[in-house]
Amino acid sequence: MRRLSWAPRLSHDGNREVKWTPTHIPEIAQATLQHLGLSVGAVAIGLALALLVGVPSARRPRVYAIALTACNFVFVIPSLALFALLIPYVGLGTKPALIGLTLYCLLILLRNVVTGLRTVSEDVLDAADGMGLHPIQRLLAVELPLALPLIVSGIRIALVTTIGIATVAAFIDAGGLGTIILSGIDQNYTEKILVGGGLTAFLAIACDLALSRAEKSLTPWR
Amino acid sequence: MFTVAFDWILAHPTLFNRALERHLTMCAIAIGLGLTIGLGLALSIVNSRRLAAVAVNGVNALRTVPSLAILALMMPLLGIGIWPAVVALTILAIPPILLNSYVGLRDVDPTVLDAAVGMGMTRGQILRKTRLPLAAPAIFAGARTATVQVLAGATLAPFIGGGGLGDFIAQGIGMMDSARMLVGAIPIALLALTAEFSLGSLEKLLFTPRVGK
Amino acid sequence: MIEMNRVSKRYGQTVASVDDLSLTVPEGTTVALIGPSGCGKTTTMRMINRLIEPSSGSIKVNGRDVMELDPVQLRRGIGYVIQQVGLFPHVTIAENIATVPRLLRWDRARTERRVDELLEIVGLEPAQMRGRYPHQLSGGQRQRVGVARALAVDPPVLLMDEPFGAIDPVARGRLQSEFRQILARIRKTVVMVTHDLDEAVTMGDRVAIMRQGRIVQYDTPDVVLSKPVDDFVADFVGSERALKRLALFGVAERMSKSPPRSTAPAISRNANLREALSAMVGSGSDRLAVVNAEGIAIGELHRDRIFTP
């Protein structure tokens, strides 16, 4: 259970030895899994939404501009404030966290989906139409595969960003590595802060590297 | 719910204004310091490929550490209160400013620099009259991103005793009071949107290429 | 065969890029649409496969009105080759060519055989080329693949929009004559848009000269070059049309079979009269010895035989 105390107490000195980590691996693992679940979940839903909005708006500049501005507005709102704005409607816990994180991903994902689709050159599209591909066939067989490198790049950036923001989810009872950091603040326990922060950074870097590799292997035709 | 929040603010003006003032002060100082340090660092690394690589990699690594952790790590080092928070926020502001300024300064058209040297300008003059003005759009973009980061970080400052509007959100969570959360969340959101919108407009105003006569 | 009857395309009220145009392309012939920029030739061609829809008039392909067919099905039955080729960069050459067969659900074995067959027809080595990607090919090779792709399901009609426009001039002439031979062999109804008069005259059985959305003259290259119907056409084909016309006739048709003088310069039997004239001017001789592939003289061409019609 979380202890919500927003005024950190300096009731004991900060601990400087590695005493807590080895005996609390299950707790750390659970927090990590929660954290990953929230982040990956948000990016997955965000991707679906980005495709839903991005595909029709790739060739409609005005629609795209409106959608992009809306996402941009959400993106600049600090995460805790966004979660707080959602809580009156969906309560505490995973729901506001997931919704908020998904909304944050949208800006990056939408931008990359649309930019990716726009890089497909006009003559390839013309040839596809002229050969008798259905619009949907054209999308699935030609446009999306060619847009894939940029889309994967967007997923990478979105995931890394979301992993960082998801630490705040701890405040609203959604779990994740932020709980360890918070607990460290509460108890003035430096080791916890380092473990929580360090693991988050590590997750972010690991995802960054893995997806970079994926990005490179997706363009054998270059 | 929103009206309850509003009423609370009207009923407690001093409390609210103090938090607002604290919030704005922290952010302003952090952005100011961030600009100075970030820009200064960018200027010093722009001529050295190796220093630049070190700085860029270091800053990129820093970006993966969540802001909450950066704030929290101030505690064992600097204790709690407004100044540790400001330091943490400055640390958050530096990466975007440094990266953008560095790229902006580095990518100035070499033919322009060549012309400046050819005209007999001193290093200082070249910097002031050509490099900085041409890098200004990038620096501004960096400052814009930094502002968003700092505003976001300031929301979490109360958790290390820094005060600010985030205090109300924290109280709201502790008291299970949604209205109290909104007292903090709404002004913070409005602040962020205003900053983004006005900086965006300012950017367009200052840096859109002018159509000459 | 393609019948276009009083076809117009209007954008807005006043601008007609194609104006009351009627054209019949007999089966198995190649028609070259040519004219200055903006004359409507590309718009005309793109109405045949309904990439552009006509504002009025009717277009029939093999007796069926194109507006009554499902556009996607229509296009699968018409080969389409464009200037920039538009090969899909993310799949291999073989997969590019196999696009329409896949859409029509041909089985794999049949598709592979067809791909190899087509690569040979367009002059590419199948074993070498099938697994390559478009970016690994030269411009000329890419255009050959583009044609192979268009011919994949053996459509009766082929549309070509400036097919050699993006090829460098050195390779272009060679590709043009090669494709003339390929088209002659496979017997398709072809509509080709070009801005290059030499290309139109080399590759077309008929040439349609267009201007401001209308056809000004539609006839064989010989007639268009020798009897331009008005000043515009005369101007368009240029003052060297008599010389261009010479290129339509081969040396073998005009030579006499008598043994040539040994001092006469040699010319290949596959050359055309323009090349022969050029050789005579260059060498200062009034006659040439026509030789076959082995270099043996098979006849003689006298200058007078070039001048008589």
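Read from first to last, the chains carry the letters A, B and C; within each, the first residue is number 1.
Here is the rule we go by: a contact is a pair of C-beta atoms (placed from the backbone, for glycine too) under 8 Å apart; a residue touches a chain by one contact, two chains touch by 3 or more.
What you see is a predicted model, and the numbers here were worked out from it, not measured in a lab.
*Asks:* Tell me, please, which chain's centre (mean of its C-alpha atoms) is farthest from the centre of subunit B?
*Replies:* The most remote chain is C.
*Asks:* Which chain wins if you rank chains by how close their C-alpha centre is to the centre of all protein C-alpha atoms?
*Replies:* Of all chains shown, the one whose C-alpha centroid lies nearest the global centroid is A.
*Asks:* How far is the middle of subunit A from the middle of subunit B, if each middle is the mean of its Cα atoms, in Å?
*Replies:* So the centroids are 21 Å from each other.
*Asks:* As a quick test, compute the distance in whole Å between the mean CA positions of subunit A and subunit C.
*Replies:* Each chain reduced to its C-alpha mean, subunit A and subunit C end up 54 Å apart.
*Asks:* Take the average of all CA coordinates in subunit B, do the same for subunit C, and state the distance between these two points in whole angstrom.
*Replies:* Measuring from centre to centre gives 63 Å for this pair.
*Asks:* Enumerate the contact residues on subunit A facing subunit C in the complex.
*Replies:* 121, 123-134, 137, 142, 145-146, 220-222
*Asks:* State the interface residues of subunit C toward subunit A in the complex, per the touch definition above.
*Replies:* 49, 51, 71-78, 80, 82-91, 99-100, 103, 133-135, 146, 149-150, 159
*Asks:* Which of the residues in subunit B come into contact with subunit A in the complex?
*Replies:* Touch list, subunit B to subunit A: 1, 61, 63-70, 72-73, 75-76, 80, 148, 151-156, 158-161, 166-167, 169-174, 178, 181-182, 184-186, 188-189, 192-193, 195-196.
*Asks:* Where on subunit A is subunit B touching in the complex?
*Replies:* 4-8, 10, 14, 72-73, 75-82, 84-85, 87-88, 160, 163-165, 167-168, 171-172, 178, 181-182, 184-185, 188, 190, 193-194, 196-198, 200-201, 204-205, 208
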